[in-house]
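Two complexes are shown next, each including subunit A; its partner changes from subunit B in the first to subunit C in the second.
Take a look at the complex of A and B:
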């Protein structure tokens, strides 16, 4: 019997982590409901019902949940991977944007098939992830600062490049608008992710494709890297204590850079997978895409566990689809408030976990005393 | 010459929010709390200040006493920013939470909250709060006669003149004095450098850190209003990343007031160049390149990164920032 199994079920760190995440979700949802009641009491129950049930209301909506959860999962994996190695990757948004750009570049400009485009997305994200890593390892600049700066640099750079590539824009393919990239159905149907085995299940839902399968495979891959390889062990050692890892002969500088590159690549794939679905076109934005930031709550809810990320991404995507259905009575941003509450609670997750562990063991002791 | 007057006045207009918010970040970080929630604090301050201005516009108080109404709006912005910053303080100081994650939560919360509130108050789908016209300081405010046609001095002073500008100058001077010439400032900085030592001589580290966070909330909130009036097209539940730009300004200014002032003017100049680049004849012309303004908007961030490479070795960043203070570890 392994050591872990000797511990009582409710005191295992993984179980406490799941309980804590469920508690965050419940608190977030309750506060969201309170907000709805304050804003519009008459509609509040309907709004809450829309938030919580829309995702399962039809196969089409369920397809949308899966479609949106794929990029979220990749961003969550990216942020979580960096967390495991002691880094806070707030730059997932910029890496996601870069990944989207590289993918679309291969898809539209170079007319390549979807799997090449997806790989290109990984390369784009990795390039954008290497900067925070290099700055942290060699110039001792906090990765949060570098990542924030590169989020903005990435957004402006992509805007600048796209505006000057007539072939990339929708206007280059017969459409009238020049503020977004070309629709893949017109430019290169071969770059659209196939529906694969899911086609039969979801019929002709426009949302569904194999992205969810790809991302789940990536989640498993990341779990294997972190748990079963020497490389993953070294990365985690650097995350726990950089000095101790250095002392043990691990090249911590190299590991910081590599960890950010992998993290960036994961976000980049997220950007690719979202736009290669063919349903969305990249719009030249004035503000940073929120998808990368939503990777943060996904990772936090999963306590950075890659397998947990699958479920937390599905959950976040589920309430986002529900949030869109709350309109027009409530703005769909209500969901962002719920998510913000969850992140806020997760910020003192350690403390919360301590409280939960104490509650659980406290009840046990009482029970024991009563006997 | 006209264009010079426009550039200078616009630069000052956009430097004001950067200066205020970066000074706010400076107070928070010198007390030992990393504040990446500046963006959120700006949004909350701007949101409530805009509601206040709108209410004054409706009940007639605003048009009758425009600058008094604006002054109250500034106080509202600062006050609500302070209340919002308590959330960061509570998480970072009392609960010893991860400060960057806590700040991220606040940044996520503020724009969503602003949209939801704007919907609730203005009605569904109306996401812009318009700023009343009387907010701007004109020649009439001083009882001066209007001048015919454009003139250099008139453009320089009155083209973009809002009460937030003189208030920012006063706040800057006060902040400088507080930081370097008072007992409070010295104690605040001690808490960011070595809280254990500060505690050992009887300084209440928790109280000082709360003070730093609250001051940053006040300055952040006022900065949010200053940004909103500078943009002029109303409040859309965002401040265009100025909170993050202010963070860059603070780092660029090496956590010191005077360099921060210079950095905010420098960053604002790039913003103005990005906005006006098509009309500025002295800029290099990139023939055939579209949307070149993106390039000028990108520059301040790139310059910040380059500066960081050279200055990180002797950075003046507070040593204990980001580390929750635990009395037990003294």
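Take a look at the complex of A and C:
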């Protein structure tokens, strides 16, 4: 509805949102720094510098930022998409795990090329998303409860399946460890995501591949679906007012299921994209992968806007990479706390957005009265 | 004619014994000047009505007085002394109390707890309710405000909730009482009781500001009336020197017709046929609609009259598809739609102006433009292979806004939630009527609206009838029923108990049937 944007720049909701996010990121960084000073004053400046500059210190590190941001972005898109329909997809983690499993299954067991594996990841995530959707739509079971249960079911199911598939494990491909899946470089190099046009830019950084391009394309795709299509119109209507959507003849049950399926597929692609990079191997986990949960702050930080998700995922990935560089002066737990403080405050921006909008318009009012 | 209160007449003010004066108040919101140089003076011991259309700025002005908004310009005086009201606590300290249109009660608290909330007596940190209970009961007795102090607010009727709100003001010893559209939610009997209570306050020397757009009520209880139009001050008149017609002219800016002008009805073939319809109740175990049969023909307005809660809502839910009927059939133009989806009914030619415009009628956080296409976004006119044609939507919304005079701050980009109730309703009517339906189902289409908007909506409904469309109207206002309908069906406890020709019946006769005192033999509508 760009035609109607006659509001002053500072009062547009999008601008206020960005301003609020930036302001709180700065406050978060300051608080993070205070924490560092308290914990280890001698190393605090170096630590903060490491956190803030590592990502840009070399093409290799920048490659790592991009590599880590891709799955984060997919999970963020997944959570944000569900939010728009009024659903809280806390099951992104399970969907991510299923996506990873489906992708690796195609890559290692069936020796398929990378794009088929990625597609399989989407299918895996979608299957894991459909259950909370169905339960919510037809039995009115809160999707949060179902999704949390399916996170655990997904994780143990994948562990069980992998443990019984010798071909999938590293030990089946000449390596000695049997607690993780085979390295793709040994099992099926064709399933590793290509570097594409980024190869020239990043040289032989082992991190970089086309995953970041794929995810940005998905972000744009999600934005188009939500903003430009009748399907997105229906989904948002269901999210904002289920009663009004029903009155308008929108099949809200179908939309809830579809929304969860799409949300699951996005997470599933996230899982696929991470493990098809060829650098990581899926380790038989005892706790749920955190990537799906990290998608929640990514989505919150972007207030579920798909384009904003690109930036929030890059931001979180950047401070994670920077945080890793703070070792050994700081323990990894400390770094996690600092990162958490920064992310937490950034998410605060959502709450404070109304206040900031008021401040901005208040200033304008006063300015107007002075005239 | 009415006089403008100007500064020259300020000298006289001293003699007028004003308890509250709001002088030259201006309050702006983005895109709209809600109050533009408005002056309101309230005398001690008078009932002063504040009249204006929806969006005229009445609620804004009262919110300024109650400390919810700060005006850009203007002053407020109490007993001639200038005061600053920064928040409702300040207002309270000045003896100003307000009954809001949408009650501000804690649903899961008892009546007594709600009344004392915020001014509780405590002893060593423990609540002392006995004194409060005595005071509340004494007030309740004195003014005839019957309440059950131990009942939960969620369990009591809307009328009693309002009495709780009034008691809240009295308990705080407020002398200036603001009633924001208090009658909108009441039954006719409750309205009469409220009027009595207000007269009682006046006799006590309390001053009342009475916001409404129901002219009959103003004529019945008020001493003076201040009229606002589109945020501007129009004038203040003595009720004994004025007429309903003059007031409505001041409010709307033109002459308003109270009687609906319409040609004799020429009914055609039946459009809607309902046979033995049974609809279950959401609240109770038994059926809300128990075997109702009737039809609506092309070119006639059939009105379902009845006291609220006698199954009319469920009947409409059944017909429009919001609720699944458990028995009977519904046909549109001979086509059975009993089990059709809402979308299929819409395609079959049904339009629905819903009872609850906030719950069903609008996606409140969508823009006006998006709401305008809520029933047709899927049509080829507005989408191409699943992509919404934004320009077509905008153009369509702009046409409807112009054609149906829907006013809003930012045109099609306005968020529906920020619009006034009347304009929200106009938007819904524009959307539903413009669909060119065979059958228009309108449920309380004028609830909470001012005379200007009511007149407009009535004209639209009659125009639809004259175009040969079938109109099924549900209304709780007997005036509306008598004025608008070509045929009246009375519903009582989920059954149709009588069919009437509005030209051959009286309000009193309808009332007897609505109350269940009478029933037409084998009432076959």
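The definition used in the following text is that the second predicted complex is superposed on the first by the 344 of 371 C-alpha atoms of A that agree within 3 Å, B and C clash if a C-alpha of one lies under 4 Å from a C-alpha of the other, contacts with A are read in each partner's own complex, and residues count from 1 in each chain.
Quick note on the criterion: contacts are C-beta pairs under 8 Å (C-beta built on N, C-alpha and C of every residue); 3 or more make two chains touch, one makes a residue touch a chain.
Here the structure is a predicted model, which is why all the values come from computation and not from measurement.
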Partner chain(s) touched by A:141 [first = subunit B, second = subunit C, both, neither]: first
Partner chain(s) touched by A:231 [first = subunit B, second = subunit C, both, neither]: second
Partner chain in contact with A:75 - subunit B first, subunit C second, else both or neither: neither
Touched partner set for A:214, first subunit B, second subunit C, both or neither: neither
Contacts of A:163 with subunit B and subunit C, given as first, second, both or neither: first
First (subunit B), second (subunit C), both or neither touched by A:265: neither
Touching partner for A:331 - first (subunit B), second (subunit C), both, neither: first
Touching partner for A:241 - first (subunit B), second (subunit C), both, neither: second
Greater subunit A contact set [subunit C / subunit B]: B
Residues of subunit A that touch subunit B when the two form their complex: 35, 39-40, 88, 90, 131, 135, 139-141, 144-146, 148-153, 156-157, 159-160, 163-164, 284, 286-288, 293, 296-297, 300, 327-331, 333-337, 339-341, 343-344, 346-348, 351
Subunit C residues within the subunit A interface of the complex: 28, 30, 72, 322, 341-346, 352, 354, 359-367, 369-370, 374-375, 377-378, 383, 386-388, 390-391, 394, 410-413
Footprint of subunit C on subunit A - complex, ascending: 1, 3-7, 11, 228-231, 233, 236-237, 240-241, 243-251, 361, 365, 368-369
Interfacial residue positions of subunit B with respect to subunit A in the complex: 36, 87, 91, 95-102, 104-109, 111-113, 115-116, 119-120, 124-125, 238, 240-241, 244-245, 247-248, 251, 289-292, 294-295, 297-298, 301-302, 304-305, 308-309, 312-313
